[in-house]
Amino acid sequence: MRIQEYQSKRIFSHYGIPIPKGRVAINAIIADHIYEELKPDVVIKAQVLTSGRGKAGGIRLAKSAEQVEQITNDILGLTIKGMPVKKILVEEAVKIDQEYFIAIITDKDAGMPALMASKYGGMDIEDAVRENSSAIYTLPIDPLAGLLEFQVRSAALAVELPKQLWNDFADIVLALWKLYEENDADSVEINPLVISEGDKLIALDAKVNIDDNAIYRHPELTEYFDLEEEDRMEYQAKKYGLSYVKLDGDIGCMVNGAGLAMATLDLLSDQGGKPANFLDIGGGANSEKVSSGLKILMQDERVKVILINIFGGITRCDEVAKGLLSVFNNTTIELPVVIRLAGTNAVEGLEMLKNSGLIVVENIGEAARISVQLSTGSKK
Amino acid sequence: MRIQEYQSKRIFSHYGIPIPKGRVAINAIIADHIYEELKPDVVIKAQVLTSGRGKAGGIRLAKSAEQVEQITNDILGLTIKGMPVKKILVEEAVKIDQEYFIAIITDKDAGMPALMASKYGGMDIEDAVRENSSAIYTLPIDPLAGLLEFQVRSAALAVELPKQLWNDFADIVLALWKLYEENDADSVEINPLVISEGDKLIALDAKVNIDDNAIYRHPELTEYFDLEEEDRMEYQAKKYGLSYVKLDGDIGCMVNGAGLAMATLDLLSDQGGKPANFLDIGGGANSEKVSSGLKILMQDERVKVILINIFGGITRCDEVAKGLLSVFNNTTIELPVVIRLAGTNAVEGLEMLKNSGLIVVENIGEAARISVQLSTGSKK
Amino acid sequence: MSILVRSDISVLVQGITGKEGHFHAQKMISYGTRIVAGVTPGKGGDWVMDGKIPVFDSVKTAIEATGAEASVIFVPADHAADAIYEAVEAQLRYVFCVTEGIPMQDMMRIKRYMQTSETQLIGPNSPGLLSPGKIKLGIIPGEVAKPGNIGVISRSGTLTYEIVNELSKAGAGISTCIGIGGDPILGTGYPELLELFEADPETEKILIIGEIGGRFEENAVRYISQHNTKPVYAYIVGKSAPEGRRMGHAGAIIEKRAGSAAYKNELIKNAGIRLASSIEEIPALLLKS
Amino acid sequence: MSILVRSDISVLVQGITGKEGHFHAQKMISYGTRIVAGVTPGKGGDWVMDGKIPVFDSVKTAIEATGAEASVIFVPADHAADAIYEAVEAQLRYVFCVTEGIPMQDMMRIKRYMQTSETQLIGPNSPGLLSPGKIKLGIIPGEVAKPGNIGVISRSGTLTYEIVNELSKAGAGISTCIGIGGDPILGTGYPELLELFEADPETEKILIIGEIGGRFEENAVRYISQHNTKPVYAYIVGKSAPEGRRMGHAGAIIEKRAGSAAYKNELIKNAGIRLASSIEEIPALLLKS
């Protein structure tokens, strides 16, 4: 779960990491209020959960009340990488002497956290790394012993931080580790961490990403869960315990198991079709989960065909059929529904569905081909 | 550093460990106030940093305002194992179904913390263990991974705790671990942890002992540092960075190095003498430390002879002499002072002291013998 | 014999009184697996499976009473890490963790903790192991596979059943099928199992069913190039997945180019490993060569 | 040769720019020890000892530049644990920690962390090692000892100097004298050093200078009974110490009967080890037999 910059900064502040003064606004009136507190110069930053805000015009300097109003309205009108900007952060403008990049990430391949640091902080960190992989200093962290002070010093040394700032730097990076560990973060990032006015270290940006699997033990973080950012269908699916990812096609898919679901999407793509979503109902799904999943697909106006692919194992195909029927019996189906049932109790399930007008197919390849034909209208 | 029961319970409470309602009092008037809040029955407990309070009459039940007054006065008049009782804790009386012993200790020999648990909690735990060493269940704790839930369950199993209380027990023991770890405790102990009214677990007593070496990083704990309990001379020595232990004899000793100081005390005892103290001025002590140490010995009315034994290494004997002279030059010495200087700059040191009336000896054995003779008056 | 475990190994089930644990313990017993004990803290002394299987409060007491050497974990995610610690500390030889959704930091700590341990952890989020006709540990449906000479290592559950089932229909059987798990941080990766299949006299061909995300398949390819002489086949699912979105499995997310199906497929092809570019091609590919 | 370290081993000093570190580095150099570098975070690039010894910001950079294999730590207690971690992580072969007062929980974590490490830690609160005429690591005054055939292992500082000095005066010399430290939790105990002295051709007799507190001497006695053929002598200080009071050293506190001098002396006598019951007896005891 990614957390917006302004919320990440609230967490930073709780851990004693210095951030610029500022507050969040949803319109120019509030922005102007904040400007009056922070003037003469403020930075206005789009709050969206994507990178590349700066290059998209989502981060701008304002030097007067007029500029604040103008820029606020400009930014609130932006859509960055598909995400409409609904909130902005208005912050005091900070003088920048030098920019660094600092992050603690979960290195899944190593199975260890890692500390990353670079002297090429700021918007161009990715370019810098692409040109020169040694532009980022990376250090594995022992997950039991935690981040050690000497490791922080080695990072300070690697990024050539002025020595009089080493102690402040250590405080910030050790606080970042504490934040990472205590909140089950997947990653925490400061880009840029700046030197301002010669001797102050300030986190100008803040990115916190929490491990989805660990959110249950951080109920205090759920307030940061940004429903407005979330797709309505994804939110609904999450509520029912389904794993749903919105894609940009027109074939609605429901599958049991993540691997099989991906395989189904791959087959659709191979045939020239476009899946509208990834939807995994999980192992051992009961009929309610199945009907909830089906309802989500049916609500999706983009969907032209529904493809249901179940390989029964723990999941029983008769239970799946029961869930489907509970929807079909109460709603007129206007869309073609292609279904493939195999494995545990498949015969029973198909028998239950035989009068429901579904297009029954025998294998996964056939299911994909027919779904694509129906969606493109190339054949009936 | 040991912390009084009432303060330990404040820490327990902060970590969510259930304790009886109660407050501390220093006289019968306050005790009566507390009684009015907690009546009909209260337990009055002497607050002294020693074990065996119960057997010394320091823990008693009071069932009326009259009894509270009487018992409070009784207990405030006690001296338990040499410690006068200055505070009492007045607590609600808790019904006891069953008593357990729970502790987390630092097993120095193993270099690991250990969880200890026994179903023979209460006053007689030591007897129980003496009779049957398996009366206590002991489990090493990985200092990096920390106390794990399954380990707490294994302790619950070992003490035959009713299963419906396992979850509450785990909460308490994991909180105790957190307390131990976050406060750099040397040991934390609950004896007894009781089952009350069938299904409540309550910590009736609380012992917290903080690692002296780690107190510097817990400034919040210094408020618990009980000056009244501390000997005046020990407190003064601590302020000067000296290591001082009060003993019950009459020969005041000042030595550099803990081992050499112990050896000096052993020699005095071998000769039939009685040291008044252990005083280690440490390695590389400067003249101020030396003079502070000497002043502490001179203030001690019990002292009949002062023995100074220095083996110079890092410590320079001329620096020691300088420290001694700074006292001698301002004060008339009424006590005999035996001094032995060896090692680094001993010759220079002795030269500096030659007119100060000290009894100079060459070796440690001789120094001890003469000091004992002077203290017992058996010979001049 | 199966790879990894003996067919007659004594097995305990952690979380046997839960819905999933109970259901799958029953299935394993029916398949012939020697389930000797269950562990559910607080339920010690109970008996399950028509009074045939004793339940213990701890792994240690279960081992003392039954001599179990392996465990299958069905404990819910919020207590699964503790269940793994308990199994490791009790020195079980093999631990199969079926549970999905263990927090990553817990898994990192467990892996570090296990650095000096003899226990082999498979998973978490693993469907387990199936050696047709011999032993079943975990949740792979026994019906999908028949005995044969193909060794299967997979990161998925149902996708594996689907493929193994298609292989069966096409006449190809399985020596052992094992799921390493769909999580980003796993106890056991491909190389250790590739080594066992290479040494296994019953395995003639090895099939890898990979996914997007992580460098697991990259490690597999490196190992195969250096050590495997038996023919290896591979299929990577998720080539149509978008970047940065988690496709169900916590491990199935493309964070870097190295995690994409295109990159993995390229590595596989360059290493001379036979690649199925679609799930439908798999049976033919394995049967023709 | 000294036990443990070669006489020409390259040594760095952590905390060399502090008062104590600087003073003792100077003394070690005068004694002939090959001090090649100092480490003080933030002072990298400086030179000390009349511009002869370079200072580095980290142990790693110091090793890269100088090839140091051992370290002596004089870092203040609140940063000493970190200094040990840094030395261990940089894979120094030997680390002598002179610093006193490291919190116990830090030391326990360090010991656990070092479980898989090749580094040997002596101390903390150790006076170091002295092989008369060869090498001095730490703070043992070089003047007190002359070369000879007695190996000394001690938990104290000045007490050791006193005893070694008396031995010198009595005509007895030292092969190597090493202090394991006065703290309750130590990197190295007696047994590992007893083994080295047993194997050391220059050592003919071994003297143990023990203290009250802990089971260190108990472990030593057990080891000696099983492995040492050379004559071993022992002296335990603190027989007049009261129970429960810390006698200066964090480790010198009698918490259980096993920690008392009486108990330790009894064990020593029962094992047939020659015991000095008073410090004054030591020279005669070692010279007569």
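Going in written order, the chains are labelled A, B, C and D, and every chain counts its residues from 1.
Methods note: contacts are C-beta pairs under 8 Å (C-beta built on N, C-alpha and C of every residue); 3 or more make two chains touch, one makes a residue touch a chain.
Which chain is which protein? Per UniProt: A, B = Succinate--CoA ligase [ADP-forming] subunit beta; C, D = Succinate--CoA ligase [ADP-forming] subunit alpha.
The shown structure was predicted, so the numbers you read here are calculated from the model rather than taken from an experiment.
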Name, by label, each chain that touches both members of the pair chain A and chain B. C, D
Chains adjacent to chain B and to chain C under the stated definition are A, D
Compared with chain C, which chain's mean CA position is the farthest off? B
Decide which interface, A-D or A-C, involves more C-beta pairs in contact, and give its chain pair. A-C
Rounded Å distance, chain B centre to chain D centre (Cα mean): 28
Gap in Å, rounded to a whole number, between the CA centres of chain D and chain A: 55
CA centre of chain C versus CA centre of chain D: separation in Å? 50
Show the residues in chain B shared as contacts by 2 or more other chains, in ascending order. 142, 144-145
Among the residues of chain C, which ones contact at least 2 other chains? 109, 113
Using the definition of touching given at the top, classify the network of chains in this structure as line, ring, star, complete or other. complete
Hey, which residues of chain B end up touching chain C in the complex? 142, 144-145, 148-150, 153-154, 157, 163, 166
Taking the complex as given, what residues does chain B use to touch chain D? 106, 108-109, 111-113, 142-144, 181, 184, 186, 211-214, 216-217, 243, 245, 247, 255-263, 265-270, 275, 278, 280, 283-284, 311-315, 342-344, 363-365
The answer for chain D against chain B in the complex is residues 20, 23-24, 77-78, 101-109, 111-113, 139-141, 143-144, 154-162, 165-166, 182, 184-185, 209, 211-212, 214-215, 237-242, 245-252, 278-280
Per the touch rule above, chain C residues touching chain B in the complex are 41-42, 44, 57-61, 79, 82-83, 85-86, 89, 109, 113
Chain B to chain A touching residues, read off their complex: 144-145
